[in-house]
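Chain IDs A, B, C and D follow the sequence of writing; residue 1 opens each chain.
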């Protein structure tokens, strides 16, 4: 157990924010990172109060992200990385500011509004030699890692078809008009969410989780985006047919009007020799099937897991680890890589096994192509 | 309990057939129909032996369906109806022959190869005043009936979107080449199956079950049919985006290469007020959700079911009724209607609540449009 | 397929009865037995009407079971066997009468009120060389047979402990006082049910199913029988600790006041190498686990089943077979044995693999010992 | 959000320990407690290294718990509480030492070996006016709290019977002899575990969880403890019949040889009006049933939860919270109470809603009575 601890700052996540605390708990979980600076809100009073609650040094609370990036970038003991947990529309300029000040970045997804912006961030991080993590939470689950390893090892043969869904029901009624649901308000607002709500928020998780497990690249897609909620201007349901570069095909369904579902991300991968199924709401298990054999239920922590999955399990099988632990796994992977980098060591592919800016760019492309396809009458569009 | 029993004949279903025995058990289950005649095979020796095994009068065993239709149509005590359980390619001429001889028809699905043939059968039955049932089994399950009633009563509000799937894994490997899997051989043979294997066999069950539950009509669809099995000429996997006439949308997935699934028909209907979910492999339950309420699990036989569903339950909740019982429900509904008709009584909409030739025609159209769409590059095609 | 059909008669099962129709459908399912005679009720008018509905020869409808036993026993074409589907209190005299007239017997469970009566029937059948089947339905499920075979083959090693339960909720409220629930009225009536309601009706199913799967014999038990329903004199809930002759132990729970459960028989067998779990409400699957391996889900109809289980599956995996089909499997096994016996062939152990009078006796002993134990303050009592 | 943070020390939990890190993560999760002192091992070098890894002040690392208790008790800025995470045999003296030095205590379960020891701790804490928490983890799950509230509100009427189980399979084979499984070695060692392994470790969780949800007190019990593992001297499986003071009954099953189960704590409560079921491996849901109604599935985070449960949910329904979060809830409740106490405020029953020393004593009694009962031939023994 290394006892070096990274220091980090946060943009967004002030009082009233939900996701900020999730990031902070995730970053702290394995003791690899300590929050020391913040610009938690456009409202400095909020930042001040949040910082006080968190026991931060008042000198490292900032009125603007730009000031924070510049100041922390200049400090000898400046933050090792920044966590950006603001609404989608601000990711791009904030991330850019910190990269320019030589600060590594962890950023919420979707990375940016446009592929051009995302590409710029990818290139900038690359040019600066900085690490950039996009928090696609679900790739942090041990059983997702196990699925990825199984596909890579050929356990299910060549992938033929993928069926993935992400149903939620929380926007089935117009809660964004209630005045009390802040999340609903900004998610359904194109100014803050961008060109898509449903695909942007959760469809992109399907895209990333499938890509992470299978390594498949989408060649073209045909998307039908629905707006069911009265008065909405952004999608709240989507059906997407997908063709991958290998000839495999896929069907994605994302919905925020699927009453009866809370957060039902489910991915099924069918290959020539077998299949793998994972569900986010019961994330400690994997359903595996091989031709003409009984179905297998893998358990998180089971001794038969691949090392890459086993090492993400902190407690024995049957003791559920959930969302926070998955989130923490992403932060911990990022921090490990960063510690190694700081120590001047070379980073292997395995060290870099966290969702990065390139994955973030793929997500932004996916979202935009889905909107393009649907807007043109749900025609097939190429990804590149 | 009426004790009048109808007499019927069967075409197909000789020794070596699987589905013939299912039809016979279903027809006999509630004691409404007695098998008295048959042309069980092109091979008369098979017919003779099958008839002997079933204790039939040798005089009512026929060398050809045409002879059977003519002879039985002419007998004073001729069969009340015929069950046609032959491969798809022969449904049309056989059904036509019996209709022309004034004999009511029960026919396996898909009804015919082409919409034109199906239309002809619809018109002929109508002109002759004959009853025509197409055995879409799944509409016979009590919980499917309950779902239909709930949608009709507005329990889930207006339907917004439908997500339905029918995964099987039995054609994941080229079993049709084994020489021992007769079913696989004819299903993958365009001469016997028609233009589609997967959509024709199981995609059409999705189409019918959804239509039965929701009453929605498909306006247009976009289908991607895959052929994954080496050397096959027909589809074994399909993703289909659907638009209904009300503005609702749907996603259908049918697959015969989905290793790990046996016969996983699953239908989910999402409305403005709630949702309903039913799975064929666990058919005695219904998952119902209303906005912001705990999910409800309805049990077959539960005292809270609508009468139309409750009356299909023969035994108390918790005692599973399965495929045979669902199949029997269709035969029993058909026989009840036929008995009423024979008694000169007028048939109500409820009497006619079994899948008929019009439903059969809708299925044939659906199959053909899916093939058309996919062949044109998975473009949107209108149903009419 | 042999085409010889046995003829049988029924005692009980008139209009208003529930279980009579279940037996008739089960007997008819595989075409091995034809109903030709009956004494369906103490009320001859009911018998007459039931017989008419079923199309029976009026000459073979009887006023008393004694007359029926004597007359049918004397006819050259008399019934091959009788099905006794009356309340528990009458099983003994009726079964005895038919055995004495050299007629084979199928009888509902529990077999009799007292072990002495059951022993007498076992001995009488033995002395007469007659077949005697007790319809413990659940042993007719293919996956129960698979479990039995797996235990016999040593797949899970030596059995260490058994945990089995049978929760129902239908007697949670005093429905026996409603005047409309005939079943509840006689089940809670000691004159008709005997010394126990809950253990007698469903606890005995646990006993039989466990014994059938494992072959274990109970050496001693400690039972706590509860009466929760106001005004009841018989148990409606029971917890039972069990010691088997091998040193293995068990825990049984039976309840009729377990709101939320319909008919939840569930048996779990834990051995030195693995475990097996089966649930009646989802009967087409078996959950199997081996040390340190992923859990396995076996599917009814899967190609990996033992032949003894596979041959009980009429339709492919994923097409649910339920309660009727299990019941039919018992009738069919009994009929096959009887046909073989009539043909003068020797019966193997496999031919006799249906629940017999010896199993019935074991059940009666179990019930009585549970009552004895509980009455004495829930002390341990030996079975023999 | 209060920003005052308590300081605490830990006894046990050095390098090589599993549960120490769980406690530390749980204590840190909601930011209410900061680790500042420790005696992590009998081996001071381990303590020193552990302390260094955790960034602790070397001056607050101790060679013995006695020294730590005395020194910290004497410091003006001494620890607010101690966490005791050593094997069972040492809980009593350690807890006593800290109480005597006026330090509040959090202690792992089972609290002590004997009821006398536990009673002494209860009395001592009471006399000193100190808070004492015993970490029965499962009472920290939001859905367990919801179940408790539902029972208290009368949602399921009066409790009639309880069926609870805790199957694990990790001791199915003699892993304690492997030399590498430290946990197995001490659990099966009477010197470290006490008179019981299986009941002590997991049976006591059943006892506590049921008591917590229902408020029922056990009047008497009849336990059968098995030793299946070769060469073991302590139980690894147990069946327990229970009678509560209200006349309700219960059945508990705990096992460490139940192959196929990881950590399957499951509690079912049946009342006159309804039932509640909760499973630890899928802890974010509650299965609720009311007489003659469809079964309800409650979801953690659902808007219909009681406030006491809702406030334990950090993230929306469908985002799984697991073992760590439940553990953290216990620490957080304890810390909140302690902060309030330090502020001189009066503590309400709700403030004290965490498992305390009285619950710990109940557990120790339960364990001992189970052993007594079994040793005497599985006879009924009274709890008091």
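Of note:
Heads up, the rule we're going with is that contacts are C-beta pairs under 8 Å (C-beta built on N, C-alpha and C of every residue); 3 or more make two chains touch, one makes a residue touch a chain.
These figures come from a predicted structure and were not determined experimentally.
For the pairs C-D and B-C, the count of C-beta pairs in contact is higher at C-D.
With centres defined by CA atoms alone, the chain at the far end from subunit A is C. With centres defined as mean CA coordinates, subunit C is found 34 Å away from subunit B.
Remark: subunit A and subunit C have CA centroids separated by 55 Å (rounded to whole angstrom). The geometric centre of subunit C is 44 Å away from that of subunit D, both derived from CA atoms. Contacts with at least two other chains are made by residues 261, 288, 295, 299 of subunit D. Listed in rising order, the residues of subunit C touching subunit B in the complex are 1, 3, 5, 15, 18, 21-22, 25, 28-29, 31, 52-55, 168, 170, 261-264, 280-284, 299, 301, 314-325.
Those residues of subunit C lying in contact with subunit D across their complex are 156, 160-161, 163, 165, 167, 169, 172-173, 222, 224, 226, 228, 237, 239, 241, 243, 249-251, 253, 255, 257-261, 268, 270-275, 277, 287-291, 295, 377-380. Considering their complex, residues 288, 292-299, 302-304 of subunit B touch subunit D.
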